[in-house]
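These notes concern the structure reproduced below.
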């Protein structure tokens, strides 16, 4: 599991690569929280297009970061066009409250 | 496990791809024997460069085909430069009786 | 593949979640599933194993047992823990129900298993442990259909 | 990796040889071995499992059990069958010795296991079965040394 974080104006761009399960999400969560809590950004953009696996632990991770952004009066959006991952996000009701774009460029253009 | 066979003058060129273990060698043996026994070729050139795995079952397979070639007054040569496979061939004493070339081209030029 | 069987035991460590997925996927791949079918199986196994670790053993030491049977093109997977068990299975299986919202669980584990597998049966007894049984038929599509 | 454990049981079918290799390799990969070390382990496991199928159960039905322990950067692998057993272990372990030359066995199985692993111990009792114990230390090379 790899994680890349980058600030772009008011947004923290978080790119996840590899397999996102309960094991890897613990570590990812700590790293995102450590960064985001001291960063001046208030929105989070999660790029899931390089994930090769995600189960419902990923849903928990995203929900949690959605709340962190809310606490800073920001919001969270997702970049993903992987059918299987979108299906799990949809099933979990996340897409009712979180905006989804097919890729990072489109997500950033629409922030 | 994939197998490609091709006749070149008096030689049957046998290319093995994938994992050569006891399971796959049973099938491979039958296919080579069926072809070679009805072919007019009398030598066998075994190209092992696309194997991703080989254990001592591969040694048995090669020894057996070496004997089939001998029965037709031919011989068997090997094309391989994969260190791990060469090591197993060497350990088994095969390289004392069978000629080894790094690749198929060199093997064919030296038949 | 006519018939095959395997049983895997391992410690309830979260590092073994991916190990369990690889093992079941390698076993199931004898049925020549599509990548999609293989991902379905991996996801369901991941959910059940994660539950055993988090809810069954509550991060404590324990052993998780996975059994898998292949009969023709059906795979039958059982995931078992000897942990705390589930009091109300019906409630537990409802979408969004989780007993550990503080751990950022989504309550979607059983729903994911149900969605990605053909059948799901959960048996549990408090203080004794939980057994999750799942089956999936592998369609054995021809190359053109894939 | 501090400590980890797994146990795998499966039927003595030759299609399970590659399955057994994948499982042990996936478990061992938690130690972050080099590709070379991983291939060493796969090859040794393949030899022992093949022996259980061909010699232990003589192609009949039986169960093969693999256990693997990780302690620090040592992996300990045990492969067990309840097959016919070995009368003379010393003779069996000699290079080139095989009881099945007609099946194109090379008699190099044990030699390969010895070469690729750090230690090899074989226990067997006629009519009861055979246990092969192997260990290997994973060197944990830094990226530059790989």
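Think of it as A, B, C and D in the order they're written, each chain with its own count starting at 1.
FYI, a residue touches a chain if its C-beta (ideal position, glycine included) is under 8 Å from a C-beta of that chain, and two chains touch if they have at least 3 such contacts.
Since this is a predicted model, take the numbers as computed values, not measurements.
Distances between chain centres, each the mean of the C-alpha atoms, put A farthest from chain D. Computed from the mean C-alpha positions, the centre of chain B lies at a distance of 25 Å from the centre of chain D.
The distance from the centre of chain C to the centre of chain D, each centre being the mean of the chain's C-alpha atoms, comes to 28 Å.
Centre-to-centre spacing of chain A and chain B amounts to 52 Å, using the average Cα coordinate of each chain.
Contact of a single residue of chain C with at least two other chains is seen at positions 15. Here the touching chains pair up as A-C, B-D, C-D. Per the touch definition, chain C reaches chain D in the complex via residues 1, 4-11, 13, 15-16, 19, 22-23, 26-27, 30. Within the complex formed with chain D, the chain B residues making contact are 19, 21-23, 25-26, 29, 53, 55-57, 59-61, 63-64, 84, 88, 91-93. Residues of chain D touching chain B in their complex: 14-15, 17-18, 21, 36, 39, 42-43, 46-47, 50, 53-54, 96, 103-106, 108-109, 111-112, 115.
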